[in-house]
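Order of writing sets the labels: A, B, C and D. Residues in every chain begin at 1.
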Amino acid sequence: MPDTGAILLEKFDSSILKDNPLGDPSLREFPVYFPPSYDLTDKKFPVVYLLSGYTGKGIMNLNITFLSETIQQRLDRLISSGKMKEMIVVMPDCITRYGGSQFINSEATGDYEDYLIKELIPYIDNKYRTIDNSNSRAVCGKSSGGYGAVVLAMKNPNVFGLMCSTAGDMYFEYCYLPDFPKFVIDIEQYGKGAKAVADFVKNEFNFKQPKPKSFHNIINIIGMASCYSPDARGSKSKGYNFDLPFDVSTGKLDTKVFDRWLEHDPVRMIDKYISNLKKLKLIYLDAGKKDEFNLHIGARIFCDKLKKKKIKFVHEEFDDGHMNIQYRYDRTFEMISKFVKT
Amino acid sequence: MPDTGAILLEKFDSSILKDNPLGDPSLREFPVYFPPSYDLTDKKFPVVYLLSGYTGKGIMNLNITFLSETIQQRLDRLISSGKMKEMIVVMPDCITRYGGSQFINSEATGDYEDYLIKELIPYIDNKYRTIDNSNSRAVCGKSSGGYGAVVLAMKNPNVFGLMCSTAGDMYFEYCYLPDFPKFVIDIEQYGKGAKAVADFVKNEFNFKQPKPKSFHNIINIIGMASCYSPDARGSKSKGYNFDLPFDVSTGKLDTKVFDRWLEHDPVRMIDKYISNLKKLKLIYLDAGKKDEFNLHIGARIFCDKLKKKKIKFVHEEFDDGHMNIQYRYDRTFEMISKFVKT
Amino acid sequence: MPDTGAILLEKFDSSILKDNPLGDPSLREFPVYFPPSYDLTDKKFPVVYLLSGYTGKGIMNLNITFLSETIQQRLDRLISSGKMKEMIVVMPDCITRYGGSQFINSEATGDYEDYLIKELIPYIDNKYRTIDNSNSRAVCGKSSGGYGAVVLAMKNPNVFGLMCSTAGDMYFEYCYLPDFPKFVIDIEQYGKGAKAVADFVKNEFNFKQPKPKSFHNIINIIGMASCYSPDARGSKSKGYNFDLPFDVSTGKLDTKVFDRWLEHDPVRMIDKYISNLKKLKLIYLDAGKKDEFNLHIGARIFCDKLKKKKIKFVHEEFDDGHMNIQYRYDRTFEMISKFVKT
Amino acid sequence: MPDTGAILLEKFDSSILKDNPLGDPSLREFPVYFPPSYDLTDKKFPVVYLLSGYTGKGIMNLNITFLSETIQQRLDRLISSGKMKEMIVVMPDCITRYGGSQFINSEATGDYEDYLIKELIPYIDNKYRTIDNSNSRAVCGKSSGGYGAVVLAMKNPNVFGLMCSTAGDMYFEYCYLPDFPKFVIDIEQYGKGAKAVADFVKNEFNFKQPKPKSFHNIINIIGMASCYSPDARGSKSKGYNFDLPFDVSTGKLDTKVFDRWLEHDPVRMIDKYISNLKKLKLIYLDAGKKDEFNLHIGARIFCDKLKKKKIKFVHEEFDDGHMNIQYRYDRTFEMISKFVKT
């Protein structure tokens, strides 16, 4: 076996994303990692879909920073050390103008779940020597990518038989709600009420720099609202195609809208998808005990519920926050390697 | 009129607080301010009850810090400048072992509302030349003292005809809930689950220093729980006499307990006390636009609801956070002076 | 022996501070603690002078805060537990309009060293039953009070035979210099160059609230400059009577002025006062390992130099920062009790 | 003219960096941008050398992040909008094991100034259609890259006729010294004294994650020491080949070593290179007024000195800190375009 695999930049033009509501490109470029033996044999390999967090897309895994391995170095090292089985790793691009799709269908952003399940996976399976079977297909990711992994596997256990979430979004009362009152104040620098949101949506999703400190919080709420509470007709009436789960002026929770969010909360979704969850070969969740978005708490609640439903899972906590946690992918790939069918 | 009033340290031994559940003293010492003319005339004066925030008590108003007026200097200046009418200002002590009573009755702390309404006010009215009439009696305070002002006036409009809240606690989803997940992690340094809380309650409310950074958050939640969700029998079973509004291990919200909290949320209480609120001569709320506990958002929601109920109020926001906001008392005393009956 | 001593509020009108350059009062009020046996015997007692930090004065030791002992409770407890000998504790007022005198003579603030050494100590020794001997007289304090203790004892070993510094100011390159560039930017909100400083000095040392976050840094530099690099004639030419150790516009260090500061740096003063330091019965320094002003580093450098000069000392570090460290007074009084002559 | 230029990944194997002290590769890969017309004409173009900050190298300019232009998008936009002339932009790799070379020669890291001046520039000029003249060759960069620009142009005015510094390191008392006391405490988690530094140097410059918060401060000081105060023989005696400008145990400044640093401080170097500086066609410096390393202060002092020496320069400040300031490259390329000879 040679020491190193290879990264290939794939391009795929989606029919499902054609004419998506935000005008994002249907043609996406994304990296695929092929393990060292891929070119030397005609074996088939398991596939891992590695989902990026909010504001991320697959290609950013190729970014280079000091004292960090590139994704290829990481995967090569894991494989050559025997911690990881030889697997293909696909790093899709599901980003939107608002920073992310949460990997679900939304009439405000596009049908990203369908894009992945109905187009991208078949495309990969068709083009490359994959083992086209849920027991050999895993989904994982961090932050919103962890959320995507949990939700996609929950809904599509026949596609993904293994799921790993590194600090995935869950328990929305703790990971999103505390930022609602900040949004109310932050958005005021752009004007009043819905008009301010409309102006922000129209003018601020661009390269203009410097961004105010509050920028990330504003776009995060907007990004999530576009996924969890789309309002397709909103564009005309108020200038943006989603509902916010609170009154923009007073901050008062809009429980009707927030309930729509909660329908997408993995912790709540468990009840609906128990039989699906039981089909999974691997459910692995981790989070840092200082996660700034309380996702360690979310994972605890999620796992506690799985336990009560007698669903098997692995749960780990580590002494860290929410940022710079790519190193936890090591553990993800180890776990997948343990349970994946080759 | 002389330039300066006088502060007198009062002592009062309460029957209502006798044998309170936390073993706090029934005898309390607290300052009373008498305006410049008090000793020169036999006039009667309006009375303001100035309530302290969580971990505070009246006597702390006498603390001296650099470039801050003493409470006497402040009141003297306000009166001599004509911004404030001559009034008696009572600064009660309603603190508890857990840091505060929220000025309400609780089987976990004691009946502090009764103490104020049934004992302290009659005692003051009896002993000093006050105008014993709701139109001449105001209640105000900051933070938990603002909460107390709102709730006491809402429930006792025949006692307090004027109420001012400086950054008072309200809209509990934003002012308390974001700290629940932090509590879960913070308490782990003391052990596991209810046992950790019991150990904390037993061992940590003392002079031991230094306190960890998380200390204030832990006691704040405990303090509020002792007021909003007492559990008198809990002492025996779990080692503390209150319920927490979340699972101590996973952090999951306990909605039954949190609903008990919400019954004490001023924003919710409005519905029950509309006719009382209509009786008030003055409802004044303010908060800083950077309030770390989101109390500016709480005030907006509260006032928005008053508006819908056609109840008159004055609402102000200022460019500041939650700390070191005693200077806003100036505005409080101005507003009271405008509406109080002399 | 009774359980509790007593605090008395002393008043003393100073001749030395009469007509001081900042117009601060010559009449100062300050607390004195008398140990339990004082009134029961006619014994004489050792005296500790407890110096306050910058922006502090003795009377602030009487401030009351939640879960903190009052100074009287602390001293009573230490004495009754046997950790502290019965001693008189004097808490002087050496504050100035600019926040503090560093307990030294300065033509910009007044002669506070002389005030303490030549007036206050004789006054106390004359009025109360003290043991009027350096072996029975200690000086201690935290932050600028620690600085004062070190410098006063260094210069006056025949007055103070024991000295304790809790996080005292020293090694000015690390405790002050890093704040110079911040000052340059912070002062710009008040105007340009020397004019901005003059305007600040004229208008901002008052009760006006809220203060900007940068306020403390600005006054700290001004306070220190008024002590270390006074410029008596400056008032007329530039509107303030001190020199800043850097160019107010560019921030460039003014080494001539900074050298004047360094003459007051305890670390440098050692060389000049070796024989004095050798006379002291106790030299005790501590600091927290997270001290925001790097005073743990200062203490290390100071003690390292003492060691090289073969001067005895006790040095301790604790796991804490610079704030809320009054609890370390316990250790101070213990150490003094060990070495003081009774 | 077509709309877009092109990025080419160059590789160059250096003789000068061969067998450098840190064992860093002599073969470096780095991006070169060619303007839209390059392939359509046989014109020669000016060249800009864009230097990366500490822990950076040229290839990182290709990293992709949300709502940021790629370097190619930026340069294409600037050229097509007419703000920037068509120029070749070279983004060299001068990183070292310790995070950076400061673009100078050091016996602890390697001769990076020589590498750039004697090898890389001739290689580029030889291989591509550049205008090989100082009036057509600029150097710029941010942070340590800004430092490199200033120092390289100062020393080599016949190579670089234009220089731009975006928040370049200067005035070492403010940009480095405040971090020395932090280093002393931070390094203690790795052991005591020089041994701790040796162990850190040996074991911590790797991919291991998570890094403690203090990591960046430690490596920054080490990185600078390896450039400013190399000690080639140190490797054997103490385990690392540089001197620290302070005592590792007490933190006391080692003025001999710090003086060696100061010889590399652009603010001091001015005196030595006045005639060189006068040769430059463009000296442009900027910095953010909230720069966390006080580099706005450094720039002010630098420019003030230029002014006194009657050397022309452009100085700008912006309302921002030290991070995410690539957007200021727009201004850099505008300024260069104004003064560069085409």
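Observations on the model:
In the analysis below, contacts are C-beta pairs under 8 Å (C-beta built on N, C-alpha and C of every residue); 3 or more make two chains touch, one makes a residue touch a chain.
Because the structure is predicted, anything quoted here is derived from the model rather than measured.
Least step count on the touch graph, chain B to chain D: 2.
The distance from the centre of chain A to the centre of chain C, each centre being the mean of the chain's C-alpha atoms, comes to 56 Å.
Look at where the CA atoms of chain C average out and do the same for chain D: the two points lie 44 Å apart. Inter-chain centre distance (chain B to chain C, centres taken as mean C-alpha positions): 36 Å.
Chain pairs that touch one another: A-B, A-D, B-C, C-D. Taken together, the chain A residues at the contact with chain B in this complex read 171, 173-174, 177-178, 180-181, 184-185, 247, 249-253, 289-290, 294, 296-297, 300-301, 304. Interface residues of chain A facing chain D in the complex, by the touch rule stated above, are 55-57, 59-60, 62-69, 73, 95, 99, 205-207, 209-211, 320, 324-327.
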